[in-house]
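One structure is given below, represented as structure tokens, and several questions about it will come after.
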Amino acid sequence: MTWLGPEEWQAVALSLKVALWATLGGLPLGILTAYALARWSFPGKQLLNGLVHLPLILPPVVTGYLLLLTFGTRGPIGGALQEIGITFAFRWTGAALAAGIMAFPLMVRAIRLSVEAVDPRLEEAAATLGASRMWVFATVTLPLSLPGILAGAVLAFAKAMGEFGATITFVSNIPGETRTMPSAIYAFLQVPGGESSALRLVAVSVAIAMSALLLSEMLARRAAARVAGA
Amino acid sequence: FAAASTKTALDEISALYAGSTGNRAVVSFAGSSALARQIESGAPADVFISADTGWMDRLEDQGLVDPATRRDLLGNSLVLIGTGGDPVAITPDLDLPALLGNGRLAMALVDAVPAGIYGKAALQGLGLWQGVAPHVAQTDNVRAALALVASGEAPLGITYVTDAVAEPRVTVLGRFPAESHPRIVYPAAAVTGGAALDFLDFLRSPRARAAFAAQEFVVLGDE
Amino acid sequence: MTLRVDIRQTLGRFVLDAQFVAPPGVTVLFGRSGSGKTSIVNAVAGLSRPGDGRITLNDKLLYDGARRVFLPPHKRRLGYIFQDARLFPHLSVRQNLRYGGWFAGQHDPADFARVVEMLGIGALLDRRPGRLSGGERQRVAIGRALLSRPALILADEPLAALDEARKAEILPYFERLRDETRMPILYVSHAPAEVARLATSVIALDGGRVVAQGAAAEILGDPSVTPLGPRAAGAMLQAVIAVQHGDGITELSAGDLRLLVPQIAGAPGAAVRVHVQAQDVMLATARPEGISALNVLPARITALRLGGGPGALVQLDAGGNLLLARVTRRSVAALGLAQGQAVFAVLKAVSVARDGIAGAAGSQR
Amino acid sequence: MTLRVDIRQTLGRFVLDAQFVAPPGVTVLFGRSGSGKTSIVNAVAGLSRPGDGRITLNDKLLYDGARRVFLPPHKRRLGYIFQDARLFPHLSVRQNLRYGGWFAGQHDPADFARVVEMLGIGALLDRRPGRLSGGERQRVAIGRALLSRPALILADEPLAALDEARKAEILPYFERLRDETRMPILYVSHAPAEVARLATSVIALDGGRVVAQGAAAEILGDPSVTPLGPRAAGAMLQAVIAVQHGDGITELSAGDLRLLVPQIAGAPGAAVRVHVQAQDVMLATARPEGISALNVLPARITALRLGGGPGALVQLDAGGNLLLARVTRRSVAALGLAQGQAVFAVLKAVSVARDGIAGAAGSQR
Amino acid sequence: MTWLGPEEWQAVALSLKVALWATLGGLPLGILTAYALARWSFPGKQLLNGLVHLPLILPPVVTGYLLLLTFGTRGPIGGALQEIGITFAFRWTGAALAAGIMAFPLMVRAIRLSVEAVDPRLEEAAATLGASRMWVFATVTLPLSLPGILAGAVLAFAKAMGEFGATITFVSNIPGETRTMPSAIYAFLQVPGGESSALRLVAVSVAIAMSALLLSEMLARRAAARVAGA
């Protein structure tokens, strides 16, 4: 298409990459956290629960700032990770991390709701058939939580596509590295007359997220139909 | 309606204003672009203090502010900041990439946010932009750029002097020559149909000037 | 292989306090709705943790309250057929059936085919459980438990949802399990026919306590205990097939008795177990002639128990076998029945219907 | 009040194609697992929409495929007792029971108390269904349906999960419903005892089609149809109580017959219905003496049907009543039984057990 | 407490008001939308679904801008509403609207997941007992969706407490009227030396949201215990 410049295409591609990584990378941890919150009781559970919701409560700028302090090269975690070769600062990985963290509460909530809705009597049945807790989780709880996992993933993806405040604060806006669509859109909106350029990017971003949404709806419907029996 | 960077001074001034006139000034701080759009959408604003001239020009073109009341209220200057290190002279010979090493130069969005626009212009004026452009990390506002430097994430940054002096963890390494970039001005004007002309006047009172100056703003005036 | 249960457990306001031993073979648990049958089965399965007590399977400790031992369910090697089928909705019927095999580590296609065939679920294999009928669902649940290669089977009213014909097809399988393996089977049932046919031993529950337990023949043949109601009282005869007559009649011999019953499969010499319901036995003081009943057995009255109602249970010794007869008190008076008296027990061959005959416990076929 | 069903519906690979009429009283639907019983009940309830056909209750049109009429379930005034109880987990037992009353607009405390008492669920009222036992759950489900003041009851194996004693307590309630209201009751059951006792008419299903239907007495007394298996074959006698004897025996009169049975409640003159199972009837060519059986009834053989197996069904006319007797072919030969022959039908009083006796349809007590 | 100035208390109170209204006001519509998406099929369903997710996908600034264009006094809807006396622009109602719209996707998703997990066979049972569709919804679906409704409400509340981008863009940052905690935090962060004030506000905001979270967990646990049977 001719109506997006190469820089803009770069932003689109980068946003996709960041959102995908934020979603897929966050999913395992999201599932684990959701399961723990839904099914286990342990000291500090409410603390974990609160922590998970934090990015939702805090203004994104604050989250970004906190990320900078912890995951920056001088931050306690960022420093340690850098020693083993993982850098977030000013990298697209950092953008993915920021997006992932902002999306995390949404993902966890959705998955947790689905896990809680899984009939524990089915898990019991699996246990009597010889499945250990891990296997019960993998063969019963997980597949039956699919609606929530899909919903969580699509929410996270959408959120990651739109995330801006934390990202720009944490990893700033470096063309080709951390300049995601929302950053680009923001930049356009800051200057008088930039609206139409912003609009084009918004359209692309909406189109991508809607496709993801439709895809997830389709998958969910298929899964539901299978469970309903054929 | 005032650009967010003027908050500390304006908070003080509006308190003074309330004390001396008995009228309360309610100040809404946000980015200039957001404020300008809100005024376009009919926001109940009386006075607009913008961080750059572009948005003010646009409002003026649309007849939303009263050109007669427009004046350049404040000025500011750009500085190169870092965490410690020796002061440098900012001349066309400055080897910024060398100073940065692997690090990044933190600036506000160079195409969007006034501080970034000014900064880019200054670097271009000095012929340094080409060399440093790939190393620039842009943020959505000056404060975020400042935070990058303060947290040590970026070794150097370009901000307003007003921001730099208030952050104890950063030091001003050098001032950009005033002629290297367009004049940094904060225009103020009364919104068409607005009332508080006296507030606009009050902004130029000595007490207000003192408050601005305390924040290192250059108070532009009728001089 | 023996299951020993001794548990105390409080569930809301319900208190379970049960001690019993389930030897190899089928131990039938019965009792009124809400008497604690499922609660016991759940404790054995490890799905609930009793407050106190001890459960062992052979020498394997499943639970010990004092020593704080609690073997998790997946290590107990159970085949639990739930009262509510609990099929996995996201798996096909085939995958449901194979589920237990994944963990047992082996899949025996012949075994699989046999169980599928017996349960009549071949046509359902590729469907998901969502829209199966109630009976189909239960049959899949039975198959799933059987195919998990368990060391202990827990069956909670497995056949309640099934029609008579289907029951008649599945019961022999439980019999074979009982007879060919040394596995204890804990079986909850209300149906007298199932109890009579399957039970090796019987445990009667009431309000969370065991009120009677013992070998099936003993409990069912004891005129003072009619745990399943008077219709189910009856005697259990150990017999062998003597002659296969051409007209569809099989002649059994039990002690000194000869008994004619509708044809049952098996070579002469094969051991069978016959349940003769007390109410199917008629008594006569003289040998009746010209009647349709094929079995007229000389017997002696060994005990006589008059109930509160119009009925009476008469215990007989017929050629070394214990028999029970249920008659009216009026007949007891009319015929002057008394302990020690010689009488004839009249029994229609058709009364000993198919579902009252079964391969005997421990028979080697 | 009559329910007319004529539907065709495709469910996956299963095709339902059923036409029948359910008159007032209990219409028992039976057939093998998966034969389409629940599917029919669901169509009547409006939970599924048949592809084509017509369902009417009296003159109310519930469904008409051609005219595209589909009355939603909540307007059909049903009491549906589901095969899986489907209690509302967030409501207490009491609220579950009252749920239907909210919409019927009235709550009759006496009625409520009576149903609760009959079902023995008084102690459960304030609990939630989550941890009820299987039988408790089913009893609450029965109560919930009965208390919704329905115009039509649909009962899908309502008693399968219950013990014999509890069944014996609940069955009379269905009988009263049958006898005191003109409501059609569509009742799915596999249990011969329930069918014999409750059924006004009977519908046999196989593979989604109706293979036999008719009045219960007719179908059960027809030697050529043994829909529930041979054990359930039997005759239905319409009788009235003649004498209440002191020794717990009630004397009934049916046609020219006098029948002695264990005590049943009722004043002399009250109508009762007696189900005499074919296998409980013994035939004798001469009047047997000195036997415990209280009923020796002169009869004439009206039909004789030899099955494929060792058994035979003999239809008798005993004092104007139809009786069925199940004997072996060997006895038929030994006694030389033939149509038209005069014989004696021997019937033990205890065989006509409580659950074979019921207040007759339409009796006014 | 002495460590918050009166202006800051004003921001706290305003944020609470805004978040409560955004949550409670959004709930009925959220439940309806979630139910419609979960149980009905109608033309334009996917469109509605997309629309609901839009605020998540768009950078908040864009959402705020769109709100400004539609609900501003010169916007098509805002103008019409103003005639009947409802003004959103630069009022706290507008802040609530912005927060509500930003929180809407989270709320709808959570509720929808729970509605989808309600066993339709229970709804059928209710129908046979005489309950019309509306009554089935009110007496069966709704109470059984409680976990999702609670989760949705708490997510929405948390989001509303943290919402900033759309709010400041739409209704600006007027002390006492639209200056919510996040806006105040933003303003503090924009000026030299404002960090400690910002931090105090962040702490308050986190404390409030966490209390809401704990409350919702408690309610959810109680509801779950009741359903499990006692």
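Read from first to last, the chains carry the letters A, B, C, D and E; within each, the first residue is number 1.
Operating definition for what follows: a residue touches a chain if its C-beta (ideal position, glycine included) is under 8 Å from a C-beta of that chain, and two chains touch if they have at least 3 such contacts.
Here is each chain with its UniProt name: A, E = Molybdenum transport system permease; C, D = Molybdate transport system ATP-binding protein.
Not measured: the values here are computed from a predicted model.
Steps from chain B to chain C, minimised over paths through touching chains, total 2.
Shared contact partners of chain C and chain E are A, D.
Taking each chain's centre as the mean of its C-alpha atoms, chain B lies 35 Å from chain E.
Centre-to-centre separation between chain D and chain E, using Cα means, comes to 57 Å. Put simply, the C-alpha centre of chain B and that of chain D have 90 angstrom between them. Averaged C-alpha coordinates put the centre of chain C at 26 Å from the centre of chain D. Multi-chain contact residues of chain A (touching two or more other chains) are listed as 61, 65, 164-165, 186, 189, 230. Counting only residues that touch two or more partner chains, chain D has 12, 84, 127, 131. Of all possible chain pairs, the ones that touch are A-B, A-C, A-E, B-E, C-D, D-E. Across the interface of their complex, chain C is touched by residues 121-122, 124-133, 135-136, 139-140, 143-144, 146, 223, 226-230 of chain A.
Those residues of chain D that touch chain C in the shared complex are 11-12, 30-34, 37-39, 83-84, 127, 131, 133-136, 138-139, 156-157, 160-166, 168, 190, 192, 228-232, 245, 247-249, 260, 262-263, 279-280, 282-286, 288-294, 309-311, 325-333, 335, 337, 346, 348-351, 353.
Per the touch definition, chain E reaches chain A in the complex via residues 46, 49-50, 53-54, 56-62, 65, 105-106, 109-110, 112-114, 116-117, 147-148, 151, 155, 158-159, 161-162, 164-165, 182, 185-186, 189, 198, 202, 205-206, 209-210, 213-214, 217, 224. Put simply, chain C touches chain A in their complex at residues 45-47, 72-74, 76-80, 82, 84, 86, 88-90, 99-100, 102-104, 127-132, 144-145, 148, 154.
On the side of chain B, the complex with chain A involves touching residues 31, 33, 36, 54-55, 57-58, 104, 106, 109, 111-113, 136-140, 144-145, 147-148, 151-153.
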